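Note that subunit A is present in both complexes that follow, paired respectively with subunit B and with subunit C.
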Partner chain A sequence: MNSVNLDFAEELKEYSDDTAFECFNCGTCAAICPLVHDNFPRRMIRYIQVGAKEKILENSDELWRCLHCGLCTHTCPREADPGEIILGLKRFVLANWRKS
Partner chain B sequence: MSEKNQNVGVYICYCGGNISDHVDVEEVRNRVEKMPGVALARTEMFMCSDPGQEMIIEDLKSGKIDRVVVASCAPSLHETTFRDAINRAGSNPFIYEHANIREQVSWVHHGDTATDKASVLIASATAKAKQLKPLDPIRVEAKKHTTIIGGGIAGIKAALDIAQTGIDVTLVEKSPILGGQLNNLDRLAPSGEKASEVLQELLDQVLNHKGITIHTDCKIQDVTGYVGNFSLDIVTKSDNKKLTIDTGAIVMATGSVSYMPFEGEYGFGRHEQVITLKDLIPILKENKSAGSVLKVNGKTIKNMVMIHCVGSRQIPGIHQPKENGQLNEYCSRTCCAAMLNVSNQIRENFPETGIYEMYRDIRTYGRGQEELYNQASKNKVIFMRYEADAQPEIIPSPKPDYPLQVKIKDSLTFNEEMEIPADLVVLATGIEPDDVSGLASMLKLPIGTDKFLLEVHPKLRPVEFPITGVFLAGTCQAPMDTGEACNAAGAAAVKASALLSKGYIELDPFVAEVDTDKCQGHGACVEACLKEGALELIEVNIEGKIHKKARVTAALCLGCGACAAVCPEKAIDINGWALKQYEDMVDAIVSDGFTV
Partner chain C sequence: MFNPRDIIEVLAANVRQTKSPFGIPKYMVNTWFKDLRLPKEGEYLLFTGLMYQFSPFIETATQYLEKYEDTETAGYLKYAKWVPGYISGIGLAMMTKRKEKRKAGQLLKNIAYLLHKSKVNFGYRPDLDNYSGILLYDMGDQKGFVAHAKKVAQKLKNAGIKKIITIDPHTAYALKELFPKYTGISFDVKPYFELLNFEPKDCGLEVTLHDPCFFGRYLKASDITRKQLANMGISVTNIRNQGEFTSCCGGPAESISPSLSNEILEKRVKELGEPGKPIIAYCPICLGNLKKSNADVEDLSTLLARHA
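What follows is the complex of A and B.
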């Protein structure tokens, strides 16, 4: 069970543009990603939308598999800019590393 | 009834291949031509086309034929087309019989069997046609007045549209005020207009129209009569005043109510923070307070959860039926747009109030509704999706900052379980028809399994009841939004006006007729009759002696034939469906068409 953090989107603004809310969950980014499976980066973006902060921290190692090839950002139909979001999440995770 | 040798003309349609791809139409023509009584048999690519109709008209005018059989599609499509053609030829339109060789033959059979069955059906139609006699439509005087039952938006709109054609209208409403459900609404989806303004615009016209009489706060005690001549007994609830309305037609616009969740359904009735959308809308309407966060009953709403499909799209075995066993298996259609509309209002006026919408499917089907959905996304409404068998659960929050917590298995987050804190939970309750079973049984109106009133045909006759002269409009028929209810009301109004415009009505003459020479006055027919007032025994003076004879009131007779079945003298029969006609049809079928 994942308790949602309603202030997470606000908290994230310090590290990333809030383009995650442009995403409508089509999955194009996950389909095009050559490196990471299991719905990456779509799942991360969804976690931002609903406020699942803990899930992002739990699965943060996935973020470092991303090499920023830019294919997801290039193919995103909604200009959600998944590549930039992942970069922003890396900044967030670093700042929150071993905090709790 | 069998007169001299009738000359039947048989017209067989190719239906542009629809029939002729499977039925050897020319072979059928060859067979039919040789059948007794057939004067001529012709074929045509489309018999319903002008050349096809002209052919029939020419043959009638030249005197070659005096009975017509058309073998084509189902009579529901073109029976009236061909009756009109016969009328234009100067003949009686009831010397016509139809053989359905498309739906009943070419669409379901192939090859020789199709050709054989088509031949047999035409043979039986021909046998019947020979027995047909010219009939005259039943002419009924009609009062140029319509009664609308229900003063919601559909009833008001229908009243106005009918009155504008010069036909007087009486509008009957059970509650003390007009306007129905629109009184409870604020801004209408998807246009955002104020419901009160829409209503006021129509009410101003209705209240000032000389042709419209309004009775509020009353109930209907009895309805009698038939098309053109109905009579309604109404009584006012407050002072018990009785009134009779004589009217030519009736429009049912009895509307709907909002589904009431049972106690414990999504926490309803157990947590005060769980309310219905119907309850939230008046709160928003009254809420004049500015500020960046929504307040409901004085409490700050930091985050709210809205749950779709409550009391709609219920599934047997999953949802809890009502005490009477009823499940609302239909989609209420209006709630998705209504929810999104409210969500947008809240997010735009109170940006610090967060919204999670939990849906099964979003059905923004109508013009302008998808835009509401897009707008909600832009407004950062967060959507979560649940399956019917895994409904969100509302529990008290373990943390003090929010009173409630909503647990959902969210299929948009890969079926992960989520817990959403909430200050308020709003249920999008569906539409249920108002209970008008008493009225429906008085008028013998059909009710569907979903408890809504049932039209004759959802596409071909969408605002009519099988009881001639009674129409329906609005949400008594199905879930509709305001625009759709007004559409239906306009359609019903046109139908009612067209029916009454001449001051008389012509009905199909397929009703019972008594052969008074044969009738012995047994009265079995009167007992068997299903329609009160359609058949009665009267006393007749014949050469100084009083005899009892059955008498039909043609306008009331349903043409069901219950009387013909019980008469020991065979003295009563149904015009257009006489016993002798049936016998000859059966004879023709069992002998493959070559007899009689």
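What follows is the complex of A and C.
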């Protein structure tokens, strides 16, 4: 069972701008992403919103399938900047790996 | 897919030790200018960021990575960070064909020729021409990127450089957008094709342009290339994903997952091939990747130099 970390979004502020809560999960980013399937990057953003830090760490390899092409950010109707959120998660995960 | 951590730590260690993500000493990478008499001073500094020069080495490295992806051997990659960068770099340089290195150098010579023919007042200083660190940024190694970028930017600032010509989209994005934000040092950055100035011509050609993500979307520079081509009477076909909505060719995935890179490449090549016209790329990563598909592809600088 995974626990929920209510301070996770706060923790991520060190790694990227705090835009995850702008997302209303429309799925445009997941539909347009040419690189990763399976609800990416929407699923990762949802994990941030609900504080599912462990889920992100468990699925962290997937983040590096994103090549920062920017199509999701360019088409996001909420200007939530999914591309930058994913880049912030890469920084967060890498920092965690290096601490461990 | 390789373990991202293994790849990142190797690249980061190489950049720290050798200022190059592949560990290849600069004197083995940057040789294209040696038989040209380029001025050292000028209104602009030509800054290649070494990305075009890296492309033949990337091709060699990818061939090996493709062999070992998702095999037990891939697990040994985690030990690579303990190998001194110069040793693995020199090894990679020795395994790369001289012919391919020469071809990459020719693209840079073409660009210098185009700038010269356009009467752009530029100089080239190999001592100031360094890798921008962009791969570390894209991989999420923010600290590594910022530390490296500060050194590169400070060196340029100390030399009194204010105006820079870049040639590839990744270096252009790093210098134009990331350096001011993360190093506090700004330059007036222009891609080489923005400064070209030729007499109008009518080449009567039609090509399909593959806009790289960073020139097409991030820097919104795809109209400039179209104007340059139109000036030479070269029309550009319309495809679904172009300009600001261009689609990735998969090139940047080569290190983490060659199979993912090939999967994306296949889709993009299909789209680019639909109009049945020669494909033009203007990014060394895209060019190298698209060539793997045996598509009829060449660099923008080659096309322009042939007709300028």
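The rule is simple: the second predicted complex is superposed on the first by the 97 of 100 C-alpha atoms of A that agree within 3 Å, B and C clash if a C-alpha of one lies under 4 Å from a C-alpha of the other, contacts with A are read in each partner's own complex, and residues count from 1 in each chain.
Keep in mind that, in the parts below, contacts are C-beta pairs under 8 Å (C-beta built on N, C-alpha and C of every residue); 3 or more make two chains touch, one makes a residue touch a chain.
Because the structure is a prediction, the values reported are computed rather than measured.
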Under the superposition described at the top, does placing subunit B and subunit C together on subunit A give a clash or a fit? fit
Once the structures are superposed on A, label A:P34 by its partner contacts, choosing first (subunit B), second (subunit C), both or neither. second
To the nearest 10 degrees, what angle do the lines from the C-alpha centre of subunit A to those of subunit B and subunit C enclose? 140
Contacts of A:W64 with subunit B and subunit C, given as first, second, both or neither: second
Tell me the contact category for A:M1 with respect to subunit B and subunit C: first, second, both or neither. first
If you stack the two complexes on chain A, which partner ends up touching A:F21: first (subunit B), second (subunit C), both, or neither? first
Applying the document's definition of touch, where does A:V50 land relative to subunit B and subunit C: first, second, both, or neither? first
On the overlay, how many Å separate the closest CA atoms of subunit B and subunit C? 24
Please identify the positions on subunit A that touch both subunit B and subunit C, taking each partner from its own complex. none
Using the touch rule from the top, collect the residues of subunit A that touch subunit C in their complex. 15, 34-35, 60-61, 63-65, 67-71, 74, 87, 89-91, 93-94, 97
The subunit B residues in contact with subunit A across the complex are 302-303, 354, 356, 377, 380, 382, 384, 407, 410, 412-414, 416-421
Subunit A residues touching subunit B in their complex are 1-4, 6, 9, 21, 24-25, 39, 43, 46-47, 49-52, 55
Touching residues of subunit C toward subunit A in the complex: what are they? 1, 3-5, 8, 138-142, 213, 217-218, 244-245, 247-248, 250, 252-253, 256-257, 260, 264, 267-268
